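Structures follow.
The two complexes that follow have chain A in common; it is paired with chain B in the first and with chain C in the second.
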Partner chain A sequence: MSLFLSAAISGVALGLLYGLIGFAIVMLYKSTGVANFAQGSLATLGAFVAFTFVRDLGLPLPVAILLALVISAGIGIVTFFVVMRPRAEAGNLNVTVRTLGLSLLLLALMEWQWGPQAPYRFPSIVEGSGITVANVVLTPQNLLVAGVSAAIAALLWAFFRYTKAGLSLRALAEQPETARLLGLRSSRLGAMTWAISCILGTIVAVLLAPSAFLLPTMMDSYIMFTFTGIVLGGLTSFPGAMLGCVIVGIISNVTIVAFNFEMSVVVIFVLMLIGMLLKPQGILGKPDAVRL
Partner chain B sequence: MSWTTQMSGARARRTWRVAAVAAVAAAALALAACSAPTTGGGEDGGATDVGVTADTIQLGATQSLSGPGAASCAPSTDAAALWFNKVNQAGGVQDRQIKFQVLDDGYDPARAIANVRTFQNSAFALVGACGSATAAAIYKPLSEAGVPFLFPTNGVAEVVKPASPGIFQILPLYEDQASTLLRYAFEDQGKGSVFTVVNPLGAYQSVIDNSKATAEEGGGTFINSAVAQLGTPDYTPIALQIKEANPDYVVMSLGGSDTGKFIATLVAQDALPKKLILGTSASVAGSFINSYDTAAADKIRLGSAVLLPLDPNNECGQLLSGSTLANDPIAIIGCGEAQAITHAMSQTTPLTREGISATIESWTEEDAAPGVFAPLTFSATDHLGLASLYIVQPKERAFTTIAQCPYGDEKAIDEPCTAVK
Partner chain C sequence: MIAGDAKSNTLVPSVIIASGVTLAGVALPLDTSLQYTLIASVAWAIAAVGLDLLVGYTGQVSFGQAAFVALGAYAVTALRVHLGFPLPLAILVGVGLVAGIAIVLGSIVLRLRIFGLAVSTLFFGYVVITALMGDGLAPIFGGSNGILAPTFDLIGTDPRALMLMSGIVLIIVVLVTANITSSQTGRALRMIKHNEAVASATGIKVKRVKLFAFVYCSVLAAIGGVLYSGVVGYLSPDGFGIDQSISIFAMMVVGGAGTIGGPILGALLITVVPGYFLRDGHTSAIIFAAILLVFLILLPEGLYGLGQRAIAGIRRSLRRVWPQRRSSSVAVVASDAEGEADLRGGASRISAARMELPGDTGDGPALEIDDIRVQFGDFVALDEVSIAVRRGSVHAIVGPNGAGKTTLLNAVSGLYVPVKGEIRLLGESTKGLLPHQIRQRGVIRTFQTPATVPDLDVLENVKLGLDADERSSFWIDFFGSLTTRKRERALEAEAHWALDAVGIPRSRRTLMVKGLDLSEQKRVELARGLVGHAKILLLDEPTAGLSVAEMDVLAQVLKDVHERFDLTIMVISHHIGFILEIADELTVLDYGRVIANGEPDEVLKRQIVAETFLGVEAEPDALAQEENA
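Our next item is the complex of A and B:
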């Protein structure tokens, strides 16, 4: 029984990481109605930028990360104006497929630039021996992820609930035409959303890279479970996304120790299907309502 | 004229038209057959076989250039390309320049099979694919089509056992490496309990079965096993299982990057085995040595097909020095395999697909890649070239060879390993 408890606790740590990745996706979805399949690639690119500053320019890690966050914001803005904004009236499906294309393009660029010598050992942000709970060691990285997740969740919740920009983004996502008629500057808000999303992604990637090892496909195996978690928890809800991802993390790790990895994938996706059938909007998501 | 007479006439005219079209088609086919390149015999200006002309030899490779296996696999074809370029600059093989084309399969067997279809009628041979799953998918179609498949990096037994026409491998199978490593470990550190962890690099169950059988034959015990997909995001659950089992030995057959992640997780979770971590040659890659947690270095022993570090004065050592491939064992293997291939081609006259197979089967203690591989021995019934496995240990960011162990069914049981200084 203690092995399952240990696995569950490690699953919580893993789920918090998935949830942190999910925040960026949920934020973009809430603001634009677009599920960003390039989230992983954009995040990894940010981590490579930070790594390049450390390795090639010898900058201290905190400085390199800050610079990478600024550059990531710029990449997000460019992405919005070059890839997303043109012909935005083509519909959400068209725009979503563009994110898939962007993901493949970024992956190819990273493979070309950094692929030959990948993977790279990314420097740890925190060091130490961690704490042991029920025979599982929660590493300093796990604890940092938990802290950052809580902070970002609180910030995003407050942003969308209490700030003018956040409320404007929600309005733009729900009723884009009406919002524009009311004078909301959709381009400026869209660029801001993408900038914030890329910043969030880079934060996740630099937290993840020390244990996952930095390579162009670093985020691939995380993105699949992240999407499962946020669909389960609610694509429009930050707490829901975190809850769904933590559930996925726990079930994944407990199933691995009870059975094997293949069974964990089966269980998770069965759970997702059941969740979508019983509660399509997710555990904490709000159902879509249309005034007739 | 009656309706039936009209119909008979029309039918007759249609019949003659069909016959005329068929005759023209047959003539066209015969003309095409006559003008197709001939195979064998050295006719048609030096075109001795498919992929061989008077001045070129076309070689192909299907390789994992993207996806989770790319970091470990791509260096082998990069190094092979360097070797072929070197040979070309020196005049080529039998005055023919080697043209080497590599197609990406992303470690996807379906894509590898598609690549084989591309090469089947254009390449003289397929060389050095990396990855057991892809090798296992393509060896049969290649053998049936008579296309030599030379020296893939493969751990699946069925590819080479029993010997298939045209399919030759240098590297020992993972299942036999696991047995050899455990015998070495039991000799060196005493018998003990074993936990095995594998990525599904081909038929992984045989690695688990061999670990179990060898552990029990040696007086030890087999506790459990775990399978993790290549690119697994989190090895913590498996590390927790190992921590609870507290084995003497952990045997792993994992890709290079996954080995690094797995060992880092064992260190983080305080789950290192009491004695040693033993790994197959799948772990002996630049992607591992550049990223692993050096805190575990003293406990790691890995199987290697090549003597490491490579002598810098060796031809491959000189070729790779100064490049990012210099210390990558996968690149060294790729260069060695390419060296063996050009060696075989130079010994085969006329250069035909059947001829190169016969050449390789005739090798007994052939020093086909000096300083890289031990001498190679093949036969009509044995298409696996190496008879020994080096045991290497990571020291900081390089591998050092510490022992050489006999490899193979009978020898492995009777002969001990020898220390390498």
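Our next item is the complex of A and C:
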């Protein structure tokens, strides 16, 4: 029983990580109508950048992570201007498939550069034996994930509530046309959205890498579970995405412990279908009304 | 809309493309490796053509196409290997199984919009591959080691015979798909792509048609999979992963979505270039992704569009060389004027036939809205609204923006369901009826922005209005003009009289609707309603955006069809002059409630109406807003 309980607890931590990526995906979806399928590969790339700094340049881990975050932001901005913005009028499907193409391109580049020797062992960020509460061990990794997630959630909340850039992004997400007419600079904001998405992705990948081993396809199953969490929680709701992702994190972890990985994939898929049948707009999502 | 315009008349170019590939594969002296790559690309092309029907024509998405290819290949192979089924039976059962899976999956995931559909189909692909890789099904499917697929009887491993067979299957698939897209079903698909709500109000059974497209797409994938298994001789889950699903999607995009022939070209480019010319895994993966991105960003129309533009350019320069070709286009213009001249004659001829239709005899109101309330979450859009529309009358609805006028029409046409109250059509309650069922009872609807299908021509748009009265089997749509010619001719005749009735000249009926002006688009939409044996016409701001002259034309057209076809009309308009000219009765809505009802002249004189609608007592800037609205 305590095995399941600790699986559930690390599931919560995992779900929080999904939630952070989910947050990036929802933000992009709300402001541009594009589902970013490249989020996983972009995140993995960030982790590889940090790893290279540590292994090849011998930088201390915190410095390497910090540098990787800065570089991720740059990659996000370049992605926006090179891949997303040109001829965006070709439609949302076109741009969504571009993210899939980008994902394949990044994956191919990472396989070419780092693939042959993968998987790598990514250094742990925290050491120690953790805290024991009523027979259940809270590992330092789980505590770190929970702490970072809470901190980032608070930071993002403040950002979207109090800063001009955050408010502008919200305006763009709610009413893109009106926001543009009011003079918000949509390309600058778009670039910022991509930078934030990539930073969030890198944070998640760096937190995952110590326990998941670093390899180019590391995020494949994670990104799938993240999307499931978003669909379950509601496509357009930030708290919904977080909630859905945590549910998925717990259930996937418990089914892996109870059965195996394949079973957990099937269970999560069935969960998604049931969610779609019962609440197509998601747990906290609003049904979208069509204007006629 | 998610993808660009779909193309009409793709049958000939697409069959040429498919035959060209087949001929090249059979006749050219290619080395065996290239030959096998080519045959594999034909198998993928079949899956990509299926995907085109779903994405390019219906506007839905599937990112799990490779999983359906895998299911087809594995099911047929397993049936042959483990149960010893002969090939034809194995194909029948195997493809049937895939169709069954597609029906179950489709009826769940097609309820979602694009995002949910994309995620769930992608996930489905992931589940299928994980299951095939896993140990649980390994005894049947070989797990990650894969399974040997027996060769096809009669054909064996001779590459030319395999190529010929795959090519013939491809040509048949192209023929059938092109037939479907240019049939009544195809028009319905393209309307759904443009706007589902409008499609259902026009009488299309949206869920069923979407499911058909999804199942068709999956079945073609399975057929491609069967061919693939016979060509490669060995199946491993690796070849059908998410990246392959994306590859198939890429084939369609690179070739050109909504073209049928394009995806074949895309399949060739994406399979042959990285697979044969660049055998090194890393480089080929990088080049493939780069090709995809370049096409998506720089050439969203794809290879097909590129070819079409090139051919158009060649024609133009040919015309410059032989200027006599111009004369034919001049002749067309001349005959246009004649067509316009006998317009009235055509209309009166039709109206005589129309009179023989059994009309309704009864004295009650045509439409009774009885104390309804419509709510969105906490927001009450309509409350305690009761309106009786007399049979044969023109009933106008006015009110400021946000008063709930369009919501009222949406409730009548079944797009919104009132939480309270009842709507009766000719005495019968519409409770529990879906939009297309209400449409079948004779309620026709137009929308604020004309809800026509921009990439279909005028005639085809009007034919869509007859979908609800469609009696013949939809299977005949598979065989093209062989089986549909008679019906198409009948539909065309009806479309022509409706267009006569609304005064769209013959010369403009073969144009794409997006090339018409707003007033014409509105009349095309009206014609689409008229063909469908309308009893009650719901018009949502037909005057918005029209000039005074255009408004006069519209008023004449409406008066004319109202009298000739014995219609009851409910019309929303902001234009008082227009209302006074055509309306028998007027209802004023404000904040979701009826505030006045009666003779138009009399109602407009009331103080409360003057205040809310005309803004007499209101602030000057509020008045300006009213006028802008």
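The definition used in the following text is that the second predicted complex is superposed on the first by the 258 of 292 C-alpha atoms of A that agree within 3 Å, B and C clash if a C-alpha of one lies under 4 Å from a C-alpha of the other, contacts with A are read in each partner's own complex, and residues count from 1 in each chain.
What we mean here is this: contacts are C-beta pairs under 8 Å (C-beta built on N, C-alpha and C of every residue); 3 or more make two chains touch, one makes a residue touch a chain.
Treat the numbers as computed from the prediction; the structure is a model and nothing was measured.
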Which partner, chain B or chain C, touches the larger number of chain A residues?
-> C
For A:111, is the partner it touches chain B (first), chain C (second), both, or none of the two (neither)?
-> both
Examine A:262 and indicate which partner it touches, taking first as chain B and second as chain C; both and neither are also allowed.
-> both
Counting only touches as set out at the top, which of chain B and chain C does A:212 meet: first, second, both, neither?
-> first
Contacts of A:93 with chain B and chain C, given as first, second, both or neither = second
Common interface positions of chain A, toward chain B and toward chain C = 107, 111, 115, 220-221, 260-262
Interface residues, chain A side, partner chain C - complex = 29, 35, 37, 83, 86-87, 90-98, 100-102, 104-105, 107-109, 111-112, 115, 220-221, 224, 227-228, 230-231, 235, 260-262, 265-266, 269, 272-273, 276-277, 280, 286, 288-290, 292
Residue positions on chain B within touch of chain A in the complex are 66-68, 70-71, 74-75, 78, 226-229, 231-234, 236-238, 240-241, 243-244, 257, 260-261, 264-265, 268-270, 286-287, 290-291, 324
Chain A touches which residues of chain C in the complex?
-> 1-4, 55, 61, 63, 108-109, 111-116, 118-120, 122-124, 126-127, 130-131, 133-136, 195-198, 242-243, 246, 249-250, 253, 281-283, 285-286, 288-290, 292-293, 296-298, 300, 376-377, 406, 410, 415, 447-448, 451, 540
Can you list the residues on chain A that touch chain B in the complex?
-> 2-3, 6-7, 10, 13-14, 107, 111, 115-121, 130, 135-137, 139, 211-213, 215, 217, 220-222, 225, 252-254, 256-257, 260-262
